[in-house]
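Questions regarding the structure given below will be posed in turn.
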Amino acid sequence: MTDPLADQLARLPAAALGAVLALGLVLVLAWTASVSRGVAAGRAVPASMAHAPAEAARLLRQGRRTTLSADRLLWRVGGWGLFPVAVLLIALVPVGETALLPGSLGVVWANALDVVVWALVWLLGWGANSVAGLVGGYRFLALALGYELPLMFALVAPAIAASSLDLAVVADAQSSLWYAVWMPVAFVAYLVGVLGFAVSGPLAAPVGSEVSDGALAELSGPDLLVVRAGRHALMGAGAAIAVPLFLGGGSGPWLPDAVWVVLKALLLTGALAWAAGRLPTLRTHQLMEPLWTILLPLVVLQDLVVAVLVVSGS
Amino acid sequence: MTDSSLVVDLAFWGCAVVAVVFGALVFVVDSMARATYALAVSFVATGGALLLMQQSYLGVIVVLMMVMEMAVMAVYMVMFMGMNPALMPMSMVHSHRTALGASLVTFVVLGSGAVLVPWPERRGAPSPDVTEALGRAIMESHMLVMMAVGPVMVATIVVGVALSTARTRYDRLGDDLDQTPTDPPLRGETQRGGRRRDR
Amino acid sequence: MIALAVLALLLAAGAFSLRAVGTALAETRSPVLVLPVASGRVPEQHALSRYHVRWYAASVVFLAFDVEMLFMYPWAVVVADLGTGAVVEMFVFLAILLAAVAWARREGAFRWA
Amino acid sequence: MRGRVVTLATARPRVYVVEAPGGRYVRAETHRELDRRGWQPAPSPASADALLIAGTLPDPLRAAADVLWSQLPGPRARAEPTAVSSVPSTLDGLRACLRDRAGQLADRRGRELDEATRWVRSDSARHDETDHDDMDHDDMEMAPGGLVLAQGAPDRDGLEMDALRHPLGPLLDRWPGGLELVTTLHGDVVVEAEVTWWEPPHPTAPPQTGRADDLAGGWDAAATVLSLLGDERQARLARSVAPSSPEVGDRVLRRLDRLTRRGALPRTAGEVLHTALADSVPALISDDELVELVSGRDLGDVRLLVAAHAPLLQGVVDASGSLDD
């Protein structure tokens, strides 16, 4: 019998390398989202590429602030927690041989992590003891109630088709046809969910410009930087999870699997961020009904179609 | 337990201590938000403990559901506790003596049960995929549970909505339910509410 | 588990160095205490309060509905094996729930403001 | 190294732009100048590098400007341009001030770490003179940090929740100069509002330098609304409409109509913008009508509605002159 502790230690170098690569991937994806966002807003490509570094420098130079009777603990947890959630999501994605955090329940874990964002954004709005922040935090929960069920049913569709909740198995099951192609509604609902937990695009009302950036209203300096980075990273992480779920994982000609995964994630992040930059922010109380009464039944119907096709064995 | 390694033991006890400490914090902190999220952390740690007991699906579902429920519960706690939810000293304990007695008795009964009952040795091995086993159980042997849950949930929705909305479609639209909703939907109502304060 | 530990360590190190760089560049350590933003006015009262959540009806519907996901994930794994019966069963179940959602919509549970 | 980082950090400072009473033209020019430079305005004082108050502040609003100034985290710079022609040099000055290390260090050294309590204290002192209460003990308990707790108010849903009094204006970005709308909020819904107008210290005349085509402010209002919706690209187009072609105007108008149809914009706001931009001047609205317009609305909707109606508000027209003058 081997010593489990020694066993864990033997895996340390591989784990360390994997962790560094995952962190690097999150940063690259977040930056891609930022660049694409800039292009969508009408900036030139070089200016968009320089935007993130310049803003990082600006915000790192800026002082920190806290507000009267703020709940600083909860406020900071909310802000600094977003980026780690994105990193954990990326760690679930099978790249090449295996994921950094492999497991038979990858799909459910992805779901659990996106729910953690509920808590974080609300805390971010709550902690500052500010009207704008409160409005933003509460708007987020309202939207979350709307986008979460469609997102969950969208996550279930590939799992039905692959008869597994393991992201690696789901990816491998798409050798003939990507799930995005034959379950488009689930794919769209998933992407809406990604926009939701990245708080951007049509679902950006919680940080809406018309309430002084809502949940972000009282943030400055590094505290704001990590939240902005976290939102871009969450968009990138959401796109990366879509790769094994809907875009065939690492399958592709010529290049190694790992490269395909990263490439697909980058492309989807760019496309998603561009769309988020172009679509108008919709008002929360206008979004609830369509999310519940149009998107939700459609996704359930999509699941039905998938289940019937799977059972009938086609 | 098949592999009772030191690492797993340590992690388990870590989770257990976090769960208990944060559970206790619920009654110590002075803010509804802190109390609710302390409870959420406690539940997440419980989920971690379940994972270490190789109940992977149960573990992840505890994390998923409890974070979600706590996020919504925080909103209710803030709304319905009859005092400022963050800036006043508060107590989450009611009728101290009874509560303390009841919890102590429960703890002793359950705790002694866990320690004193001669647990049977495990016969056979757990299913290689507990999630799949659970799925089969729900759809085959425990179908009745599933059948019963549906109507119960519908009843919950209907009762919940009926109790929580003070104004239903008749208040919004009058008798003519087919007319287009106004923008904003409840305008007249709000203004009446506003005037009521002026009284 | 070891990967999780390494990730946590890396993230902590990253956050720490970000703070350090920030402190060095801003040439200050302590945050300044300010009033919450209110158009140049001193707020009349603390914003943290019993916040009126207009969408509580929607949250009730959600809380009842999301319990369903407990069954959905294990079901997804076995449905291909179990066949038609399982599909019919689950979607009748979902249809009943969606009917409740439709009713809730008619009652105005998803409208507010 | 530090120098290079500072240059990068101040390449495009974020300016919090506020309109003083009667400062409409200076503010509009400021936004155009920011567009030309590719600088983005700051959405709140919290993350702003600089505070720019367009126009001349009347004395009663001096304290409000100081509160805003105290909310900037620093390094910080402030300016109050009073003429359209001085806007570019003002922005240059702001950036130079942000880059001046000695000056910034001095500013921070002269700054208290607690910029909140003194305002609260002076504010409550003012109240005490009139209220004359002997509830000091209660005050200590009920007023953490010197601010009182929100009090409950009955709501249309038959519940008692806390109501917040929250001012929009006098000094708010993308908000008509001089308007102070004190709202009573239940959650994020405005149930009541009070209007106050602050007058400019001296009447400001429209600038002589052209732009007569937008003196009624329709395109300016459209740009503000688009910017509040987070659509900076279209907002830039709207701001540039006057000098550029009518096709651009059509594009912006179509965009606004689409946003209205999709419900991204309150219908009333969309309609009034459409009327203003399609060459017929909508009727002015009084303060009472303004209150009527915003009550029952979501806080965000209130911002959009006020922005759309800005050129039609009696106070704005009085302060900055209209086409008829």
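We call the chains A, B, C and D, going by the order they appear; numbering starts again at 1 in every chain.
In this text, a contact is a pair of C-beta atoms (placed from the backbone, for glycine too) under 8 Å apart; a residue touches a chain by one contact, two chains touch by 3 or more.
Keep in mind that what you see is a predicted model, and the values were worked out from it rather than measured.
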Most contact pairs found between chains A-C
By CA centroid distance, what chain is farthest from chain B?
D
Distance-to-centre winner among chains (Cα means, whole assembly as reference):
C
Whole-Å gap between the CA centroids of chain A and chain D:
33
Chain A and chain B: spacing of chain centres that average the CA atoms, whole Å:
25
Mind checking the centre-to-centre distance between chain B and chain C? Centres are C-alpha means, answer in whole Å.
14
Taking each chain's centre as the mean position of its Cα atoms, how many Å separate chain B from chain D?
42
Can you tell me which residues of chain D touch two or more of the remaining chains?
5, 9, 44, 46, 71, 73-75, 108, 116-117, 120, 144-145, 147, 149-150, 155, 159, 161-162, 164, 166, 187-189, 296-298, 301
Of all the residues in chain C, which ones touch at least 2 other chains?
1, 25-26, 28, 32-35, 37-38, 43, 46-54, 59, 61-62, 65-66, 69, 73, 76-79, 86, 101, 111-113
Could you check chain B for residues that touch two or more other chains and list them?
7, 57, 61, 64, 68, 72, 75, 79, 84, 86-87, 129, 131, 167, 184-186
How is the touch graph of the chains shaped: line, ring, star, complete or other?
complete
Across the complex, what residues on chain D touch chain A?
5-6, 8-14, 38, 43-44, 46-47, 49, 71, 73-75, 108, 116-117, 120, 144-147, 164, 166, 173, 185, 187-188, 227-233, 236, 259, 262-264, 298-301, 303-304
Within their complex, chain B touches chain C through residues 7, 11, 57, 61, 64-65, 68-69, 72, 75-76, 78-81, 83-87, 129, 131-132, 134-136, 138-140, 143, 146, 149-151, 153-154, 156-158, 160-162, 164-165, 167-169, 172, 181, 184-186
List of chain B residues in touch with chain A within their complex
3, 5-8, 31, 33-34, 37, 40, 56-57, 60-61, 63-64, 67-68, 70-72, 74-75, 86-87, 129, 131, 184-185
Given the complex with chain D, which residues does chain C contribute to the contact?
25-28, 30, 32-35, 37-47, 49-54, 112-113
Enumerate the contact residues on chain C facing chain A in the complex.
1-4, 6-7, 10-11, 14-15, 18-19, 21-22, 25-26, 28, 31-38, 43, 46-48, 51, 53-55, 58-59, 61-62, 65-66, 69, 72-73, 76-81, 83-84, 86-87, 90-91, 94, 98, 101-102, 105, 110-113
